[in-house]
Amino acid sequence: MTDLSRRLLLAATGGLALSATTSFGPARAAPKRGGTLRISVDQAVAKLNPLLTRVNPEYLVAELLYSALTRLKVDMTPEPDLAESWTSSPDLSEWTFVLRKGVVFHDGSPCTAADVVATFTAILDPKTASPARQYIGPVAKVVAKDESTVVFTLSSPYADLPVMLANTCAKIVPAAIVSAGLARLDREAVGTGPFKLVSFEPERLIVVARNDAYYDKERPYLNRVEVAVYPDPTAEGSALIAGGSDLMLSVQPTEYARLEKASGVQALRVPSGQFCNVNMGCDQKPFNDVRVRQALALTVDRPAMVDLVAEGYGTPGNDTPLNPAYHFYTELPLKKPDIARAKALLAEAGYAGGLTATLIASDRPATRTQLGVALREMAKPAGFTINVETMPHATYLDQVWKKGPFYVGFYNMQPTADAIFRLLYTSNAAWNETRWNDAAFDKLVGDARAVIDEGKRRELYAEAQRLMNKDVPSIIPVFFDLLAAQRKWVEGYTLHPRGAVFRIDQVSLGDGAQRRG
Amino acid sequence: MNVLEVRGYSLDYATATGFVRALDSIDLAIARGEVLGLVGESGSGKTSLAWAIMRHLPPRAREQGSISLAGQSPMTATEAEIAAIRGRRIGMVFQDPSTSLNPTLTLGQQLAEVLQRHRKLTRRQAWAEGEAMMARVGLKQPANMMRRYPHEASGGEKQRVVIASAFACQPECILFDEPTTALDVVTARQILDLFAELQAETSVASLYISHDLALVSRVADHVAVLHRGKLVEQGEVDAVFDAPREDYTRRLLAAVPRPDHRLVSGKPAAGIEPLVEVERLSVHYGRTPFLSALVGRRTAQVAGNREVSLSVRPGEILGIVGESGSGKSTLARALTGLNRFEGAVRFGGRRIAGRRDMDRAYRRDVQIVFQHPDSSLNPRQRVREILSRPLTLYGGEARIEALLEQVRLPATYVERFPHQLSGGEKQRVAIARAFASCPKLVICDEITSSLDVSVQAAVVELLVDLQRRNGTAYLFITHDLNLVRQLAHRIAVMYRGELVELLDIDDLSTTGPRHPYTRELLDAVPPPREYKS
Amino acid sequence: MAELLRRLLRTPQGLLGVLIVGLILVIVVCGPWLAPYGPDTLAPRLRYRPPSAEFLLGTDQYGRDILSRLLYGARSTVILACLATGLGTLAGALIGTTSAFLGGRADEAIMRTIDAILSIPSLLFALLIVNLLGKSSFSAVMAIGIAFTPGMTRVTRSVALAVTKQDYVNAAIARGERGGYIVLREMLPNVVAPIVVEMTIRVAFAVMLFATLSFLGLGAQPPSSEWGLMVAEARRFMHLSFWMILWPSLAVAMVAIGFNLLGDGLRDALNPRT
Amino acid sequence: MSPSYLVKRLALIVYTLFVVSLVVFAITQVLPADAAVMLLGENATPDALAAIRDKLGLDQPVWVQYGHWLWGVLQGDFGTSLRTGQPVAPVMLEALGRSLTLAVLAIALMLVLALPLGIIAALRRGKLADLVVSIVSYVGVSLPEFVTATLIVLVLADWLKLLPATGFVPLTENLWDGLAHLALPVLTVSVILVAHVSRMVRSELVDVLHTDYVRAARLKGLSRRSVLFHHALRNALLPTITIVALDVGYLLGGVIVVEEIFALPGIGRNLIVAIQARDLPSIQAGALIMAATYSVVNFLADLAYAWIDKRIQYG
């Protein structure tokens, strides 16, 4: 924790310094009301249905229109949203959430426990195919104790449930719609969020307006928010500089320097657990041999990677998915390139003559290919011949992802260590990309879930990290800082390390703001 | 007082290899009401002279001597002045009305614009005047003709319009550049009559350029013979024709085909089984193909053949005459399997009812020679390959050199490409190709019409010789009556796709033609005047 | 041939075109030997360098020497473009000539269909095909080749149609030659000239189409130094180093201009009127 | 202009669309990547996939699917987007509208610039003016759109800050703002068009100036000007009509890039997105609409052609 806040102070932008300790959002003079904020995003908002959102722009819109039970603070701890408070049974296998009273959906109907239950039933139904299904933990069943109390029964103890319920896809929707068919939510939005949907053009512009019936009487300050889609990053940056937009949700490392220099623009940056890695299929040759994986890991010059892949806006990775942005990060000596050692390991593994492999990288985002190309060159001296093959994201998902023996992955930060481990590395992981299937590791992660004691958990996770660092199921050479930019007149926006939390309801427009709408 | 006077005029064109002389110290003069016929073969410099007089020369031209129009010299005039002279004081009639008229403007517009430009008439006046002119040049319904577009008028009508606009401003002098060459015999005749009429009436000074001696002898008072840029002979028509001084002139005159002067002796044995019998052969160019309709180009409505029946005896020369579009070539194409046809062809006892039946033997025995040697010889093939094909196809034992020798070309030509040969030589190669398979029948489709008189004479002579040696029968298609009367045994006259008359050459002179069209045709081209050789 | 070359060099476009294309070919042939550095040697500490004595054209996001990359890249760029064009031309020439020779209904059916396919914009067509074949230089070549085919067919056919009207084809038919001979020996040689012109110009388009495909992430793939890809990649770093995008853009433009000029020069040289 | 011709011509358009639909459908069917997977993305579970496939009829034989699709199209139903769940047709038509706005403006600008340039070049053939014009046009045709676009954005938007870099505002919403946003894309597109067409005009005019009837006109004593404007130009411009019509094809497809860079949600960009997402209904509808527009425009061009050049009477 302390470690994180120090790092945040270093990269302090906006009100971040305070935010870490006190409640989310900066303390500032009473914010101005009204005005229209234009946010630019780099991808279309294809999915309006909050249970099915997949990418940041969709998360943003969902967050504007809907509320979840809890939401993540910048330190990755949960704070109340629709749920006022929560308690758990001593064994962590049953959680009770008490809902806010008098909350209404955009259509005026009250939001009660029934809606919460209906929502989670829908989420847990595989036919819905909601991403949340794998994220919210071992939820066995959800029942309404009364109008405003919901009880989650888990199949196994789980300490992180309140955090996980803040999941981007766990937004509460009306029971009526769930029973009538979720398809309706593809076109319209009926939520309890701070804003109401005005117009929806997936490829171009999404407009929302203040929801006067929002449960928080203070917020939102803005009357209107426009989410504009800019497929081309350069153009998006130019738009911000020209005052065409107020807030650029995410900035490519290559654009950052330019935006930093631009007048009237404030560049935002926060370290995060977002990383790019090289997945190796541990269940097949050649990567089933731990020495091969270690050898490859030893060829990587990690600080150089930070420059090459993240333009320096990042931190070197150490082959574990945790970095200082995570609560349970444990510092280990950073691996240094050691070609001689790598050669030796390869030889032991029986590849004295060198090893050839094809590294597949999806074309989105471009950093995947960048990592591949850099690795290719770094690994050469050690006798690796790596052919980088870029393919369309669609083809990648269909043919390589979760199947391929050797490909580049890219992940947002997860709220907890447990989440990221169980998403990618345990044998029962939702996306078991490396098929590492290490019993010891599974046990460590499993045990950690059921422990409340901070120190004990930290110990378990530390061990897990050491294990990964040694066995290298995947090479994690670099973590990205999250980058964004805003006009100076935008007040109260904080860049959240999770990358999927935005809190536009706290944003207001200062003096000199562009008049819009 | 001469209207047009050219004195010691020489013209050179600058080329990469220095200057090339196009005209060499030309002297000629045309007085009011006089017609000077300028005769010369292609490349003799006729047209260059016309351009020079019209002051339409490329920048790379270099001139000496003088040209004067009624005393003033246009050579020193500015562009504006020249523009004022052209069409106003000196008009011009071009060879091909179909290309010299703007396809996207009505005939009326193109006539009226001259009047507006030179006689400063208002649009309306010009239009009225234009109609009058149209009527004057003998166009029926002038008003309607004014509104037509070139493609909606016949060649004759178009040429009349061109003539009308040449005479429009009563110029002092008019240049006629082969005004009838692109037209049918009969139409040509009418145009000539019109010319004579207007000439007499306006007594304009005319320079009549042509390659056709016979024709010039009829229209001109004076004649000038141009050869390789030099005027070899000039004088009264009678004088030149009766007593040509230069032997080039003599050769030209000798080359002019004369019906009474037969080239073939005797006639094929009658009674014997004919070589080819064409039985009620019809060809339809009915529907315009869907495709061309879509692309918007309507294929010109060519008359096909309607139930044509005729026969050719072995060794006989059957001449086929008729205006363009009368179906002459259609017949030829049908006989060589280039058109599908109805009816039948009986050849060597076999009945051929369609292209399918034309087997190798038939194709070997029936060969065709086309009008334009440039298009009938593949420009990318050497003479060797061109001639070797029929040999490989029909397995004739003849050698290529022999074939060339047969058409009196040096054996060294085998390695040449067509573009390295002259027009006459090309046609000879085409002929050699046709004879390679020792055919029984050779169809000659206007094979001389694209050649100069002298060359034409030589080619004809070659054909006659070949016929004498190999006893080959010819289907000799031409529009030149005098020529066909020189060498055909029988003449078939075609009109609008039908065979209107088929008469023996002797009957032509004795009993004379029966069908009115045949008569019209004969009247159109009276035999050229005799001259003492 | 020598004659043609002389006529070619006489026109300014021809001369310039020959010079540029000649230069390009030189680079294609011996680029790698001229290159001062390897095309993909990383230099993490020498990134985004402006032109200097050390790196004549500067370095890119990996600290690679741009000049060397251009010199190496010439091969893939030009050769691929020519390959694609050649492919399209070959297919087009065959279909077009045959169609024109067959004439009538067959010709119509073929051309209608070709037109139909022509109504799909070639870039879109290429996109679909690349997505189909998976992205790689090879499939880009195929895509562009196929995308060019209908157009080339049209061109060829119109030329061939003019040729079929020629009497030497009639003569061949009257002789009873076989279709194959007529198409290959009598027609094709005469159809070639205009096609060569069209082809040269299309090489220019091919180069640009490649670049565009790469820009859309569907052409050549990193770390290839295909010029179009270099431009496409450089776009993202435009604001960090202007040189990165400048040089390959110029290179692409140069190739395109060169072939355009050459094409027009050829047209004039082959055109009797001028 | 016989009615039978019109009928034929329309029949032809229908045939065209049929072929296009076949080709596109064939291609999309074999595109690597499963529409269902695309639909559910990373979170697809086998049973969910099965459900979707069943819903979309993806497991039926191809020709059956095509039949369904075609039948739907005949009833004006292009299906709903796999990506957004929105009905395809309206979205695509709206996009088409935007693309056409771009196209029309670009063509207008092009005509204003290209014709004079071409004419000057032709008249001053081989002179300096000709050289300048042709150099300009050579550069124009030789720069890929995305390069021109990038440079234009860099200069006009980033450095001079004259115009908005990107984004799209419907003209109906705010005419001036809309035009301002369209300015750069239109500029980019017309650079290429101007280059292309001015060369076209030049060469055509040069040819026409060599024809007999132009010479004849000169020899009738008409002034240079009236020969040029009255005789030469109309004939020279005829083919240009066709070229412009053909360029509409390019405009619709080729501007994909331009639309991508300028975030102009035209049909081109919709198609790219659709292709990337394997959104089959959108791909088919988009391709079909493009082909249709293209055919119709060319049809109109032919009519215009026939109207000007009286030689052509379509039978």
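We just call them A, B, C and D in the order they show up, numbering each chain from 1.
The criterion applied here is as follows: contacts are C-beta pairs under 8 Å (C-beta built on N, C-alpha and C of every residue); 3 or more make two chains touch, one makes a residue touch a chain.
Quick caveat: nothing in here was measured; it's all calculated off a predicted structure.
The chain pair with more C-beta contacts between its two chains, of C-D and A-C, is C-D. Among the other chains, B has the CA centre that is most remote from the centre of chain D. Measuring from the averaged C-alpha position of chain C to that of chain D gives a distance of 22 Å. Chain centres here are Cα averages; for chain A and chain C they lie 45 Å apart. In whole angstrom, the spacing between the mean C-alpha positions of chain B and chain C is 46.
Each chain gets a centre from the mean of its Cα atoms; for chain A and chain B, those two points are 87 Å apart. The multi-chain contact residues of chain A, meaning those touching 2 or more other chains, are 234, 392, 395.
The residues of chain B that reach two or more other chains are 290, listed in rising order.
Contacts with at least two other chains are made by residues 12, 32, 150, 260 of chain D.
All chain pairs that touch, listed by label, are A-C, A-D, B-C, B-D, C-D. Contact residues on chain D toward chain C in their complex (touch as defined above): 12, 15-20, 23-24, 27-28, 30-32, 131, 134, 138-139, 141-147, 150, 154, 207, 210, 249-250, 252-254, 256-257, 260, 268, 271-272, 275, 283, 287, 290-291, 294-295, 298.
Chain D makes touch with chain B in their complex at residues 5, 8-9, 12, 211-224, 226, 230-231, 234-235, 238, 302, 305-306, 308-315.
Put simply, chain C touches chain D in their complex at residues 12-13, 112-113, 115-124, 127-129, 131-132, 134, 204, 208, 211-212, 215-216, 228, 231-232, 235, 238, 245, 249, 252-253, 256-257, 260-261, 273.
Chain C makes touch with chain B in their complex at residues 104, 107-108, 111, 166-168, 170-177, 185-186, 189-190. Per the touch definition, chain B reaches chain D in the complex via residues 54, 56, 79, 83-88, 91-92, 94, 96, 99-105, 113-114, 117-118, 149-152, 162, 165, 288, 290, 293-294, 296-298.
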